[in-house]
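You will see subunit A twice below: alongside subunit B first, and alongside subunit C after that.
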Partner chain A sequence: MTKPKVAIYDFTDCEGCEVKLVSLRERLLLLENKIDIVNWRLGQERFDAGPYDVTIIEGTPITDYEVDLLKDLRKNSKVLIALGACAALAGVPGIMPEKDRKFWYEKIYTAQYRPRGVDAVPLSAYVPIDFAIHGCPVDEDEVVKAMEELLSGKTPTYSGNSTCFDCKQAGNKCRIRDEEKPCLGPITQAGCKAICVTGGSPCYGCFGIRKEANISALIKKLKTITDEKTIERYLTMFHSRTKEVNDGKK
Partner chain B sequence: MLVINENKIADFLKALEKEYKVYDNRQHPPYGGLTAKKYFFPPVEETFVSEKKGSLKTTKFAEKFVVFGLSIPQLEALTYLDEIMTKPAEDFFYWQRRGNSIVVGLIKEEPDALPGGDIVFVDLGDGNFKILKNTEKGEELIKKYKSYFAEVADAPSKVTDPGMSEWSKTMRDILLDAELLANAVEWSKNHKIWEEMATTCLGCGVCTYVCPICHCFSVEDKIDLTGKCSRCRKWDACTLPDFAKIAGGHDFRPTIKERYYNWFYHKFVRGYKEYGKPQCVGCGHCKKYCPASIDILEILKTILGDYKKSQIQI
Partner chain C sequence: MITNEFIAKIEGHGNLKIDWSKNSVNLGVHEGERLFEGILVGRSAEEAHWITPRICGVCPIAHNLASVRATEDAYGIKVNETTKLLRDLMVCGQMIQSHVLHLFFLVLPDYVGIDRGTELNQKDPKSFAKALALKKMGDEIAYTIAGRNVHPTTTTLGGFHKLPTKEDLKNLLAELEKNKETATWVPQLFSKFDYPDLKVELQLAALVGDSISVDSSTDKNQKREMFPAKDYKKNIEEELRDYSTAKFGKLKGREMLVGSLARLAIGGETEGYKLDFANPFHNNLAQAVEIFKYHKQAVEIVNKLLNMEMDASIASPTAVAEGGEYRGIGYVEAPRGGLYHEIHLDSSGTIVYANIITPTVQNLTSIEKSAQQMINNTMGMSQKDRERLLNMLVRAYDPCITCSVH
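Presenting the complex of A and B:
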């Protein structure tokens, strides 16, 4: 059996999720026995042209060049996977509303600056994607799991569990109930091992909104412990461009 | 009667550590509300492994362990879970852990009948705990570690507060009339309270994770990068979206309203029909840990009130 050809691309982002790929260490070597990474700007000096069996894309498509490249990669890939919150959700680049871009460009970079950025939206706003490995950054085990599923001929699936499941297993206090602090854990997909809450930070939902989560009910609950501005700040950290979240706010 | 002094409990547990892994349930919570069920039925558990073609190995669990400090509701829940994991068929993976374990209760009031566990320590309020032995396994353990225990003359307990919240007491009173509860919850299927729950319940599944009796799980298979195939089972929750989904994508309970009602239905109706008692011990965990602050007692009171009214009208 020939090994599947895999390409790894990155758009605008911090490249932290690709560092996570490198930090798979021995498991990356095991993975390399099963796949052929034929194009990876950050990781190697081989840049074969497509078509590819699997293309993994990290980062948010922001410039026209990135948007065109994304459309091209979609055409040339059997399976297209979003890697990390920037690709899957628009992530941190997506925090800024499109209408405010001009104002901030001028304020930060002066009026002489000629921006190349169009907007910051997830990959799925331009092309259909087959799967998203969520996280900011992604979790190594989730990457391996998706690869294992693809290699065994399965379509990767999203966990139906909430982050609360991870949080309870980690032995954490409940931020919402025990500490009366906001948290997006109940509407967020499991898989992160509750790393943020364990470390004392809130869950901002970087693992993606869980299937059929009751977002409006969480907002109703959060309103009893904090103000609307704080809730908005939580919901826009990763989800300013997520349709379910924007619908849930209504 | 046989007693252990409160100053000797720590030494007793330390001595047990030479032979057993000891889980002290009094240190609560170091584990975010998960009850002792996790020791016998872990949140994620590998069940079968196949490393090469034709070989299939059952995952064995051999560690001997002691779970110490369970309250009356927790002991009752475990007794119920034992029954569920025995009927209609014995659950191999549950029992290989349960069989390796010794469960020690720590309660504040001497019960009429032992709620479960292998040994129960009853607080006498004078620094001593009365030892009640429930099983042969428990008896042997006490015999083996007899230096930690002392024989004293029978004396009545000085404990005035049995340490159960008002919420638990009320809930446990309601649970006593299991038939009424089952009829009321079954009757309530179209009650407007479930509409309200649909806009309150987050559907996150926390209530089932922290419930000492909830036992539904899903099964996942995987092939890892070395070619090892394994099957694991993982706690599931009936309020989650995939729970009642079947091949082809049909969902028997497509909304939170139906899913949340189903949780009640299983606890109070099916529990009664299948085992003669509701699958609830009134521990209050689901109320304490629900991120949306849902109080099942309030729901049950509303349903029971309306059910009784509806019966009078007929």
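Presenting the complex of A and C:
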């Protein structure tokens, strides 16, 4: 049987999710036995112009070049996977509103600077994607799980649990109930092992919004423990461009 | 069109634009602008060190610490000894993680005749197993102290949300001791490679304490210059190039080199290895030596922590706002060199200004100069061989294009 041809691409981003791929270590070798990585600029010179069975894209399409490439990759890929928050949600780069870009180009560069960036949006703003492996960064186990499901011919799925489920398993106190601190755990998909809350940091929902999440109910609850400005900061860390979140605020 | 126009095996999207008729070269940088210095404005003090690690997934700890220090400087927060040690240990982990990734997955293929780093597993499984063991060790330091291997979760202004337990530290010490021989082996391995010849006149710059120290790569008579790290903006100028989304840095108008090679030139301890500080290819040997050095330092710090009472207290602000603002500068030697974060906050703790100068910004002009030198030196060679050497040269610098654009 021929191995599926896999291409790994990075658009504008921190490349931390690709670092996570390397952090799979021995498991990356096992995965490599089952696939043929024909394109991976960060990892190899070998380059194959497609078509591909699976294309994994990390990062946000910010420049025109990236937007065009994304459309071509979609046409040339049977399955298109978003890897990490930048690809799946626009993530931290999505905090910058399109209308403010001009101001910041002038401020950070100069008025003479010729910008390449258009706007920081998720892949799904331009093309349909088949699955998103969420996280900022992604979790190694979630990558392996999604890849194994794909390789066995299934469409990967989410557990349906919220981050609260992971948090209980990790033995953490509840930020909202026990500590009266804001948290997006209740509306966020499980899979991260509640690693940020375990380390003492907030949950900003980088694992994506859980299906059937009651966003407006969470916002109502958060209003009883903090001010609106803080709630807005939480909701915009990774979800400035997430429609359900923007609708939930209304 | 699906094409491969960027240099493979470097962080981010860049390429050398060479005019072979004129033998001239530009280093093109094509990463999209995320505008982090704008993203930060309007966010809160506690969010800066959460947001800035997302500039770079290869050196997130460095951004996290530079950012924390900038805000602590603004607020007059003085951290305790435990915090200082834990942060130094995070830096050790960061250096090992980044250098191992770069040396074994991006550089080594150039010298042993493979393409993807994992192919070493067929060619030399013993060496590859060692590389993976070191990768694991670097990640373990980060997990134990920073909470995660990529993007820290435990750090906060004034200290840590959560300290490792003594049990955690004992496990980490066991992991470090298990890899002692392997850490010693890395520079031995990288000292055997036949690095291409190149001699470039550059200003080698590294942070020593609170000063930036500068030596010439070629002129032994040039007196070492030193200036306060807080004057970073006065001394490191950034220029725009129409072929780059990153700015190009210069040190008082001259091309500079930062990172492992500069650190060893300035620090002087090369652990008995002979390094040519005028040859940027030797940056890779310097990185290998640093894996050994930071491993040793990590062991020392963990032992110190195990033998002391750890202080979990979080230091409080002492500064008074000047003219309604708090202003601070934070810096750290990141894997690729000096990293500077500056932050201004209003009286309510909202960020009103941010400035970041990354190591790769400082190296871009030097990469271009070295590439030009390489072109001048290789006139008799085939274009293909020259292109291969030039790509190797760019890789030797370990540029982080992602950081440079931010």
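Please note the rule applied: the second predicted complex is superposed on the first by the 250 of 250 C-alpha atoms of A that agree within 3 Å, B and C clash if a C-alpha of one lies under 4 Å from a C-alpha of the other, contacts with A are read in each partner's own complex, and residues count from 1 in each chain.
As a working rule, a contact is a pair of C-beta atoms (placed from the backbone, for glycine too) under 8 Å apart; a residue touches a chain by one contact, two chains touch by 3 or more.
These numbers come from a predicted model, not from an experiment.
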Superpose on subunit A as described above, then tell me if subunit B and subunit C fit or clash.
fit
Consider the C-alpha centres of subunit B and subunit C from the C-alpha centre of subunit A, and write down the angle between them to the nearest 10 degrees.
110
On the A-aligned overlay, A:187 touches which partner chain: subunit B = first, subunit C = second, or both, or neither?
first
Based on the superposed arrangement, let me know which partner A:217 touches: subunit B (first), subunit C (second), both, or neither?
first
Is A:151 touching the first partner subunit B, the second partner subunit C, both, or neither of them?
first
Once the shared chain is lined up, is A:115 touching subunit B (first), subunit C (second), both, or neither of them?
second
Looking at A:49 after the superposition, I want to know if it touches subunit B, subunit C, both of them or none. Which is it: first, second, both, neither?
second
Pick one for A:35: touches subunit B only (first), subunit C only (second), both, or neither.
neither
Rounded to whole Å, what minimum CA distance do you find between subunit B and subunit C in the overlaid structures?
15
Subunit A - residues contacting subunit C, complex:
11-20, 22-23, 25-26, 28-29, 32, 37, 39-47, 49-50, 60-63, 65-66, 68-69, 72-73, 76, 91-93, 95-96, 100-101, 103-105, 107-110, 112-117, 120, 136-137, 195-196, 198-201, 204, 230, 233, 237
Would you pull the subunit B residues touching subunit A in the complex into a rising list?
29-34, 43-44, 198-206, 209-210, 222-226, 235, 237, 240-243, 256, 288-293
Sort out for me which residues of subunit C touch subunit A in the complex.
1-4, 6, 8-12, 30-35, 37-39, 43-44, 47, 50-51, 53-58, 60, 101, 105, 115-118, 121, 132, 135-136, 139, 146-154, 156, 160-162, 240, 242, 245, 247, 402, 405
State the interface residues of subunit A toward subunit B in the complex, per the touch definition above.
27, 30-31, 33-34, 144-145, 147-149, 151-152, 160-162, 164-165, 167-174, 176-177, 183, 185-187, 210-214, 216-218, 220-221
